[in-house]
Amino acid sequence: MVGMAVLGCGRIGRLHARNFARHARARLVAVFDVSAAAAQQVAAELGTKSARSLDAVWSDRNITAVLIATPTDTHVPLITQAVKAGKAVLCEKPIDVDLERARNCWSDIASDHPTVMIGFNRRFDPSYRRLRERLEAGEIGRLELAVITSRDPAPPPVGYLKGSGGLFRDMTIHDFDMARYLAGEITQVHALGANLVDPEVGKLGDVDTCAISLRARSGALLQINNSRRSVYGYDQRLEAFGSAGMLQAGNRRATSVESWNGERTAAREVVLHSFIERYGQAYEAEVDAFVRSVEEGRPMSPDFSDGLEALRLAVAAEESLRTGAVVNLS
Amino acid sequence: MVGMAVLGCGRIGRLHARNFARHARARLVAVFDVSAAAAQQVAAELGTKSARSLDAVWSDRNITAVLIATPTDTHVPLITQAVKAGKAVLCEKPIDVDLERARNCWSDIASDHPTVMIGFNRRFDPSYRRLRERLEAGEIGRLELAVITSRDPAPPPVGYLKGSGGLFRDMTIHDFDMARYLAGEITQVHALGANLVDPEVGKLGDVDTCAISLRARSGALLQINNSRRSVYGYDQRLEAFGSAGMLQAGNRRATSVESWNGERTAAREVVLHSFIERYGQAYEAEVDAFVRSVEEGRPMSPDFSDGLEALRLAVAAEESLRTGAVVNLS
Amino acid sequence: MVGMAVLGCGRIGRLHARNFARHARARLVAVFDVSAAAAQQVAAELGTKSARSLDAVWSDRNITAVLIATPTDTHVPLITQAVKAGKAVLCEKPIDVDLERARNCWSDIASDHPTVMIGFNRRFDPSYRRLRERLEAGEIGRLELAVITSRDPAPPPVGYLKGSGGLFRDMTIHDFDMARYLAGEITQVHALGANLVDPEVGKLGDVDTCAISLRARSGALLQINNSRRSVYGYDQRLEAFGSAGMLQAGNRRATSVESWNGERTAAREVVLHSFIERYGQAYEAEVDAFVRSVEEGRPMSPDFSDGLEALRLAVAAEESLRTGAVVNLS
Amino acid sequence: MVGMAVLGCGRIGRLHARNFARHARARLVAVFDVSAAAAQQVAAELGTKSARSLDAVWSDRNITAVLIATPTDTHVPLITQAVKAGKAVLCEKPIDVDLERARNCWSDIASDHPTVMIGFNRRFDPSYRRLRERLEAGEIGRLELAVITSRDPAPPPVGYLKGSGGLFRDMTIHDFDMARYLAGEITQVHALGANLVDPEVGKLGDVDTCAISLRARSGALLQINNSRRSVYGYDQRLEAFGSAGMLQAGNRRATSVESWNGERTAAREVVLHSFIERYGQAYEAEVDAFVRSVEEGRPMSPDFSDGLEALRLAVAAEESLRTGAVVNLS
């Protein structure tokens, strides 16, 4: 049994807490939030305790590992403290919005044999996972092109956007990780961006729509397109094209109902709007993979360096957006 | 080159005439219609002549074969005359609405080595044909169940219905032929029918909706469902289920466009409404198969007996409708 | 909170026990099985107690309701005892394989104001449920035709088949309930059956493949087709066709991956094989509906009479199979 | 009736010649090829004459318009001579591989009131056309993102590649035109390219795989991806995403058959391999639009400037490929 503490009792923290609470080989020892009330509510719901302080978490010998789902700017100190306290860590993406700060975090903890997983939930989506397994098994030969489509149902509130680090570090970072998941190391990044959805985004100097091209060391070319608003739901698709075929993984809907009438045929429902639903199975599988790695002392995947690399691609995309030129990564 | 005459210049006659006119190995020698004006119009359009009389057709040595697309009650005398005149025949379904009369027709011509194809156009639909080839090739093992869906876009005018012979001889006859095309000889027929679409149909003692069960000598069970009205277009589907899998063949649309919005996703257009469009490729392939069989002196398929068998199933279905009991065919 | 006991700790009993154990408004008070070891194992897993005897269940005032997942021939006595003990009941289908016995059960308990739900799980499948809601809302006008496809991945062992009551009472009973769910009261039943899958089934005098036609009092015609073996998984589909359109609900797969290569395109995975997976969401929703009805004292749906009616249709189908004639239900 | 001459009797010339020959309002007056034998063969097949020389075409008063399907390097002189001779022109794409030469061609003919259509066949594909009509009608609001997928079944022979002008001028030029068809004027181009399919392509200094990003003056971002080899057929897709939804148009197959077995389900056939089949309807519609514009004296679309613009985008993409930077078009 892996003794867990969940730090941060917001929407995503609660989701993880529930998954740990019902996991067969994990025990939810404590939850923590700067709002004691929030933590107590979750603790009550899940029959666990609410930690009085972070120090109480670090010193609790029943706690083997922590899940960090606090605001982004606390990730670095919490990872550092957790590692120093000998805890394994599952930290929500991104490590930080600042690449230098994230790198320094690694410098600080590297000698402590850190066991850190970064929560790139999509790697655990059953469809994406299956697609990649079949790709790795050689089903479509060598990967030559990939198209990653990722469109949020609606832009987040302006308040969130201000601290988000911008489209690339906040949203596209998932797609950068997907690109690496499919194609390995990325050597070139080019980005076009636009402010088409919400003028408030533009006022923040940010974009809400983008078209990104990547080149992988393997030779493969990849395209990412993002929008902060998709009226038909949370549009999440992968297409991998290779010398011997193509694999696609698509959207999910609540039901399989199709309707036919005098206007249209075979019409499906809108796709799931919420990432909670869309990636519900992924979150469960992520927690399971983390628990298993902790139990078996195996390396984490995705690990800290995956978190750094995705952030590095986001930073490179920003540079490309400014200069118009492709950015070469060595 | 096969010299052709087309008898009957209505909608379906004109369609066939055009297909013969542009066929590489056929020559449209003449067209005929009881309305000389109708015949002359088609002749002018296609650069052929309008025959003055049927006798002129029978005696024309340039005419090797005739296509009969006249009203159903003329099929039997025209088939007989054509065969007696030594012409090959492609006759639109049904041979006749009266099974006895159709059988007598055969008795009259059997000794003349008749070369007769009955125009069950669906046997020539590329999708149905491919499905059957793959079935015959053993792809799904032994056929165990089949579902034949056939729904007209809208009921024909009452005037037509009166002389149509009823739903089973007019419309379901195609599905009975499809059943035989897929499963071979049919040994049992059961039919439920209802008048749900148009009260006028009921006044004629006819049904416009049906659910039919068949058993084939091979052991396979088949289901047919029909409606005289489908608001989303001409719904034409086959499903063949066997010990090793399933094959389906579906509808056709004018374009491949799909639409996604806040109400629905992946919505396709309505399916083609007109049998002329839906089975356009089938009509061309039918004419081509006929020409080839005439040229090569090969047996026709579907032939006169296929026309008789489909009619026999329609008659059996009517009996089942009256009695409620399954009808055994020996 | 609804205090629950689960009777029968086989595969389906355990599934339900887990669903009750994690239900927010239910408490799993006890589990029972004739094998004390089986019960103790489930009790240990779910942190509940294993009841020593049925009497201990009936007399336990913390137990408000019971789930009956024992062998079919015990359903009637257990329902009766549970009702007499004042418990609400959720009983797996069928009530009994014998219609007379099931009716007598009702006579025995009717005066006790029984609260009984029969476990027709498919009524709680999100896709079927949505289809029916949209049908009820008038989206496709009046229901005219329905096609219910239901094919098991593989025939059960011969041992099971012997006590199963035959294809219609064991498997098709779900489809009879679906027919009633969609179209209401059924007035005519006709059945064709065949033994195509496994000769052992034929030796038992049973069939493993069938084609059934139904007429509803509403006028609608329905078709059911069943097979005991579908190599591509558990094939479960509904099609409802009406005056203004069509609704379909289809199969489920583990992932959304599609593959394209030189042989085929857009190929999906096989559909889920296990009813546990296919109807996993349905089982959860069923338990939830039951708990809510108990809590709120509302009538159950599907209730005892729905169980009787489905069984009556199965018996009628058997009669039709013997006689070849349609069976009229008054 | 529009009197037509077809110049060039290769594969595509013959295709057009047949379409003109059977067009109701066109008359195929002559065909021409530098190989008199090739021209005579087509003339014989279609019942027209083979012109002895180009001068004979220019001076023939029965010839109103010409279709140019000769090798690319003859397009400019033939367009010029045809316009000077007062003929309307339908010229296969591209105008020329050299942008300067194409522009000079326009300078030479501009004062002659030229009537020139450039053969961007995809604009006439029924699915693409319908998609654009619905886009223009506002169905998905403002266009924000588009993805254009275009993958040839197999690379052309090296001999062809040498004179092709490279991937962007030869193949992507169609996609550049599609981008303009959907989004209007393009202001920025960025291209990544790779040589993944055939080493011979790389030896020619060309690429066979690309990922291109475009920005339109309207604000929309577009992505194009190309490959010279797609094992599952000629992959041709459009996706247009906007503020109110998405429209997609997809591939075509010879039949609608789907297969289900123990390995996979709902598998379709490979998509059509040949552009002749894939765009067969488009070629017919193109010829029809040309004939109608000639008859009615209406402006051509796509016209000479559309040909120039697509070429300009191809040249810009090449520059981007060299420099890595986005190319701004004024």
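So that you can tell them apart, the chains are marked A, B, C and D in the order they are listed, and the count of residues begins at 1 in each.
Definition applied: contacts are C-beta pairs under 8 Å (C-beta built on N, C-alpha and C of every residue); 3 or more make two chains touch, one makes a residue touch a chain.
No experiment lies behind these values; they were computed from the predicted model shown.
**Q** Name whichever of A-B and A-D has more C-beta pairs touching across its two chains.
**A** Pair with more contacting C-beta pairs, A-D versus A-B: A-D.
**Q** Measuring between mean CA coordinates, which chain is farthest from chain D?
**A** C
**Q** Averaging over Cα atoms per chain, report the distance between chain A and chain D in Å.
**A** 42
**Q** Could you work out how far the Cα centre of chain A sits from that of chain B, in whole Å?
**A** The computed centroid separation for chain A versus chain B comes out at 58 Å.
**Q** Identify all positions of chain D at which a residue touches two or more other chains, and write them in rising order.
**A** Only 231-232, 244-246, 251, 259-262, 269 qualify.
**Q** Where on chain B does chain D make contact in their complex?
**A** Where chain B meets chain D, its residues are 22, 126-127, 129-131, 134, 139-140, 244-252, 254-262, 269.
**Q** Provide the residue numbers of chain A that touch chain B in the complex, in ascending order.
**A** Those in contact with chain B are residues 231-233, 251, 253, 259-271.
**Q** Can you tell me which positions in chain B touch chain C when the two form their complex?
**A** On the chain B side, the touching residues are 142, 144-145, 147, 149, 151, 188, 190, 192-194, 196-197, 209-215, 219-223, 225, 227, 229-232, 235, 241, 243-246, 323-326, 328.
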